[in-house]
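Listed next: structures, encoded as structure tokens.
Shared between the two complexes below is chain A, which pairs with chain B and chain C, respectively.
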Partner chain A sequence: MTDILCKTKDLKITFPHRLGDFTAVHGFDMEVRRGEIVGLIGESGAGKSTIGNAIMGLLSHPGKVSGGRIDLEGQNLIDLTGAAMARLRGRRIGMIFQDPMTSLNPLMTVGDQLAESIALLQDLPMAQARQMAADRLDAVGIPDAVERMGQYPHEFSGGMRQRVVIALAMAGNPDLLIADEPTTALDVSVQKQVLDLIRSICVERSLGVILVTHDMGVIAETADRVYVMRHGRLVETGPTGQVIHAPSQQYTRDLIASIPSIESREERFRNPVKRTGEIDQWLLEGHRHEGTDDYVTASALTKDFATRKKTFWGTSGSFRAVDIPGLSIARGEVLGLVGESGSGKSTLGRMMIGLVQPSSGNVHYSDHGPLAEVRSRAARKALRRDVQVVFQDPYSSLNSRMRVDHILAEPIRFHGLAERADIPRLVGALLERVGLPPDTGRKFPHQFSGGQRQRICIARALSVRPRFLLCDEPTSALDVSIQAEMLALLMELRRSLGLTMLFVSHDLAVVRQVSDRVAVMKQGKIVECQDAEPLFDAPRNDYTRMLLDTAPRASGHKEANNLRSGI
Partner chain B sequence: MYFLLARVLQATIVMLCVALVGFLVFQFVGDPVLALVGQETTVEDREALRESLGLNDPILLQYARYVMNALRGDFGISYSFNRDVSEMIAERLPATIELVMLSGVLSLILAIPAGIYTGIRRKGGLAQTIMALSVIGVSIPSFLLGILLILVFSVWLNWLPSFGRGDVAAELGLRSSLFTWDGLSHALMPAAVLCLFQLGVILRLIRAEMLEVLRTDYIRFAWARGLPGQRVYFRHALKNTLVPVVTAIGLQLSSLFAFSIITERVFQWPGMGSLLLHAIGQSDIPLLAAYLIFVGLVFTISNLVVDAIYVLIDPRIRHGAH
Partner chain C sequence: MGRIEMLERIRSDFWYELLNSPVTLASAIVIALMVIGCSFAPVFAPHTPFDPATISILDNNLPPAWAAGGDPRFLFGTDLQGRDVLSAMLYGGRISLLVGIGAVALSVVIGMTVGLLAGYFGRMTDTVLMRVAEIQFAFPPILIALLFNGILKASLPADVFAQAAVPIMILAIGLAGWVQFARIVRASAMVQRNQDYVTACHAIGLPTPTIILRHITPNILGPVLVLAMLQIAVAIVTEATLSFLGLGTPLTEPSLGALIQIGSQYLFSGIWWVVIFPGVMLLVMVVAFNLVADWVRDYLNPRLR
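== the complex of A and B ==
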């Protein structure tokens, strides 16, 4: 417990701005030892990535370290010149970024990039560096390393790319590795493998690792000690097991409490929304479901995507993205649709509401008939009023040139749902209904945070008084605490308005919290579909079980963690 | 390879369409027989001429004949010069080619380093100056710049000739005025005028792309890997800016070929542009039709070359990803 590799003392980082400096990190103390993984957790804007970048000497302009010190084995990195710092990068400190899809140069082969790094950092001739590059790829678990050296990044899967990125970061045999959200962009099953790889490299080479993440589950499974950050300040620190199971600070408790649990469904979501009776009445007017029959039914639904031709004159092949015998959603039911990326869940969701044309089969709405026969302008208008969608990315799904009140008023006016004079009042009430101040409608979307924008998206979907809502990864782009609020809002709306929902997500825990019934997708097929509770508690399908087992959980593996931190 | 074959096929189809337009212009704008014969020709003679020229054949057959003739380089006889159109184009083309090459090379030599520099040192004084000058380059009309240059370098300083093409010399089997000092001095000012606009456009594009690419994760990761600056800028960043830049350069150079009319006019340069002006003035239909096909050909070929360069640059196109 002596060998301290890297240490920050009273570290202060500011971003000068013409309206006054913004301090991203206020006096942060941290220690990293060799052979230890230190977790740095916080929500977006907490300053956790900023600390990683500062240690690396790669703060984005105009940020600068304005106080304190960063010691790497006794050497203060802040005093170093740019050139001296550049010599440390790769050789003493390595870094891994979040998205393996974008951290590799798309125009260079993987072997060239790795050999380039090795030749430069270890001062080896190119031929020898290539030899070593193949060994390194092999060591991070890439099969057929020699052949794969000549391939380009786009020929690798996400998990394989992140392995390449790790090999690249380790090319100069650094002592300290900063991993900035290394698995956030990966599927859960791959995430576990990558974390295991980082763990094993850390132990083998007695490497110090700083693991920056927003995901408590990742910390719980990987880190030895954890630092919890908020608004650029240290909230709490300690061994991982202690921080997670006996947090001493309220913020840490809230953070852990807001993580949806995969273990059970909890009725603990706070409901911060002020209920206004009038708007609920308006929303329900004439649009409540009657009965509990199937609202929408898909039968023998497939979707093929064309793949490129192999030869010039050949016929193009196709790839079956979705192939399901049938799926139905009852009135007032929430069906969760889970699967890893590429499983076809979003395509299926979009086919269910007619955003994507199926290759064969059809979707039948009990109120509107088969989607394929909804042709006339009036029929399509009626369908679209009943069926609404909330997308994943609240940043790109709102028109940034329109004021929020206009965004909300447009569908009401288009469908003639209210008297012109009443619309402004309704828009205000809608905003209030989703937990925003009613007078914020005068602002533009960019003036809102991610969570607030998603609320606007929900308000927009509600503004036509829909019966059916497709939620396509509605919380994936949001911080956990906001995610919890969003789920609470959706569930509350669903209860009071009797909405039918199709909830698409890769996050099993989120799906568990909202769904009555869950369908699990793998490679375009539904492998299991049953009521949520039995599916999570006693999955019948092996794939479902694998997904549940590999999902990181904040509360799980505590024995393992306690064991490790005891060593 | 598949990608390139497909592109060649597309280019062929495009050229056939251009030829169709050229053919229709040739055939139906004005009556070729009327243009050939005098007032006193009898109706029978005209009909005979019509028959012998094949103007009574089915339209598809005529089109096929036109395409076959075009492939052999036969575009008919110019009304106003009474000479072979292809011969006239062959006479004028070298002058335009050398002007375009000179200005193209000049603008690339200046634009690429300047674009990279302004992309890297965004705030520097030199970068700001370059950017300000590039705005002037893009916005000054070429005739005005041409006249100014003539005023300064020909009239006041008397350094450079103000019009025409200089002596031509043969070198390595090519005949060009660029091989003599006299020729070069004649070409310098028109090339500079053509270059300035290209320079502004390409420089700004490279800078914008550099700024874009330097923000990407793989550049941040390249820094984090400890790569030195010149390697990050030239090996990793520059190559990633090239696809849009090459597209723009291809289009710019083709339009130089086809539409350097004003500059050629100002400097009395005996190139394609002045030929086109003449053809328009005289309603010389065969010449116009041939010019149309020529412009189509230049754009098609330059796009093909651009596509081939894409394949060299970006493996994702090679492998059909995206």
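== the complex of A and C ==
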């Protein structure tokens, strides 16, 4: 096929700023043909979404195309007026956004939204548009489409909502579809279905699709060709299989190498952090954590949340978020806790460290006794010193109004772990220990990148010299290349300090890399819990198997190709 | 060097945004001039208007200096007793600003305490405190200030009341205005309470007062600052209203509102300057505080820009 649908040539996009223009995209060339999916991959800030927005003519203020051209079947989109561009949107170019909740109007029924778009874009009377809307919803795989037309977006699940968004993007029968991280907000088990839908639409209607994502697994399973971007420049391009299996550029190789593999556990993480003896000595001081007995045991643990069912007398009804007969973690062990969103894994994790009170049942620490009996101020303080947490979002987990050295000094001072005069030196050493320059403590959190902030969070957790660390999705908010560094740091700290860890994540590949044992959660219950290797290689439970099968994997491309050639 | 180049050399966002908004800059300068002029009224005022020894009844009812019959010693003219209007405005403005800022400071202290407790602890604490706040909110603030003022005026001896007029005004207006602060602080505290950094504080085991004061409070000061600036203007107007109604500052120590009240009696006898100049000063003061507050709100919330 030489049928080029959309083409960018030497595209340059700048965001003017009073301290100098910021060039988001430096001369980018791309071609999209009919009937193919082109992947655009890069870390956050690579400029990949900016290109998608530029093609749509939706660059956020004050960004502008400062050079080059965007051709849609021979027409240069950059020369078009705002009104002409608006006529193209929806009719020639459709867009799918990341978050299906915010891209639908919550106050309109799904049927009305879709029918309105169809009526407007195809110039049809409303009755006919409604008929067509039902067909379209059926076509994107929504069962009972006619009944569901009358429902509101919040009555749909995440995956179903994204199907509605796809139907909406297709309302005007566009030739080019831009999908900006279409599956990032979805659970793994749903991701695959949505990607399959995009691919089948692409093939059936011979559309051109630009798939913008940071996830190499998504690219590998879906895209025909891929463009790798970094800092607004093209690094490498080629057929997906070639780029993944034989990358020609070092950056692409690094990007692929940093993806944790779901297939095997690797000891290849590079760890740039230098060990500093003195701080490790301090961290281990009076705190040796030895033996192989169970450090923490949960028994018959449940947690109920009140649901918002309003009756005349107030709220009533409850929802059981967690219901497990028992779970224990041995000293020095890393237990991985996997599940989809809403499975109760975070709540369970927080109950295990005493941040959330269980509705019934108990958590027992071998060093402190049952959690319910840790009541006195001194006992509570001793427990809090032993048990720490690292959160998912490195932005909200640091107090933005406090200097980093104050954030780290506060726990040390509060628990009386060092002489006052030694604290500044210790804080510097802690920062160095997690891979940051020791003199950066004078800065505020917003002056650090996401990965650096996560290092600060780890340093804060370490500052009380804990034995047990809860990691609640610690890598989910980070770019892949940084994810690998963060995992390496956590694993190295675990080895040097003998930490016991509970590692909560929705990402099976990440869990495989770090865990000794894995528990799989579904709807508040643990469906399978066993050593990591057998669980990943030969899962006993159907749900575990389904999770493993649907997870996108970088090496899955060959299979996908075979599948398609069979169509 | 042109204005644009000058702006480009400034690295701080605060000064850049401020200098880029001429209206705000002018308002800020007006506020600064008024605060300085009024705070040091004895230094800047050409006369001492309330010292009988320095005023002469012979100078009474002089029009402004530029009008026919004006006296260059009295820029904005004199009133019935021969007092210099400009000097009276500076002294009066001092009282208005003192009451405005003092009352808002009191409102902030009460409102933040209530709001933090209600927002952080929630449940019964929240229900009880916010119901109290809502009951008070149902009454107009001016009514509460009137009531409070009236009760004190009736129960205190006249000379004690006259001496304590300014603190009483601060108390009356401050007690009437705390509910808005409590509401906005409560809402922010409820958001902050669920942020991960607060959970991290719990994980470390920090005591509740430390979490509230060291961690949550600095993160909610932005909206409080904006509301405080808006409320200073409101408090100044409330004080002027009370004084205009004769419930505020005594005639020996008149605020802007009292000056307007005195002047309004002569407005139709052609002696317009006694009421117009204090009135304009009050207007400019209130508008300037509002404009600066609007700008601060936009500055703290870049999404509104």
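What to note about this one:
In this section, the second predicted complex is superposed on the first by the 550 of 567 C-alpha atoms of A that agree within 3 Å, B and C clash if a C-alpha of one lies under 4 Å from a C-alpha of the other, contacts with A are read in each partner's own complex, and residues count from 1 in each chain.
As a working rule, a contact is a pair of C-beta atoms (placed from the backbone, for glycine too) under 8 Å apart; a residue touches a chain by one contact, two chains touch by 3 or more.
In this text, all values refer to a predicted model and were calculated from it rather than measured experimentally.
Legend: residue contacts after superposition of the two complexes on their common chain; A:99 is shown touching chain B, with no touch to chain C. In the overlay built on the shared chain, the residue A:165 is in contact with chain B alone; chain C does not reach it. Looking at the shared chain after the overlay, A:391 reaches chain C, while chain B stays out of its contact range. Of the two partner chains placed by the overlay, neither chain B nor chain C lies in contact with A:363. In the superposed model, A:117 lies in contact with chain B only, and not with chain C. By the document's definition of touching, of the two partners only chain B reaches A:89; chain C does not.
Of the two partner chains, chain C is the only one touched by A:460; chain B is not. Once the two complexes are overlaid on chain A, none of the chain A residues touched by chain B in the first is touched by chain C in the second.
Residues of chain C touching chain A in their complex: 7-8, 11, 16, 195-197, 199-200, 202-206, 210, 214-215, 218-219.
Residues 18-19, 353, 355, 380-381, 383-385, 387-389, 391-393, 396-402, 410-411, 414-415, 457, 460-461, 464 of chain A are the ones that touch chain C when the two sit in their complex. Interface residues of chain A facing chain B in the complex, by the touch rule stated above, are 56, 58, 86-91, 94-95, 97-99, 102-109, 116-117, 120-121, 152, 154-155, 165, 168-169, 171-172, 308-309, 311-312.
Here chain B touches chain A in the complex through residues 2, 5-6, 216-218, 220-228, 231, 236, 239-240, 313-316, 319-321, going by the rule given at the top.
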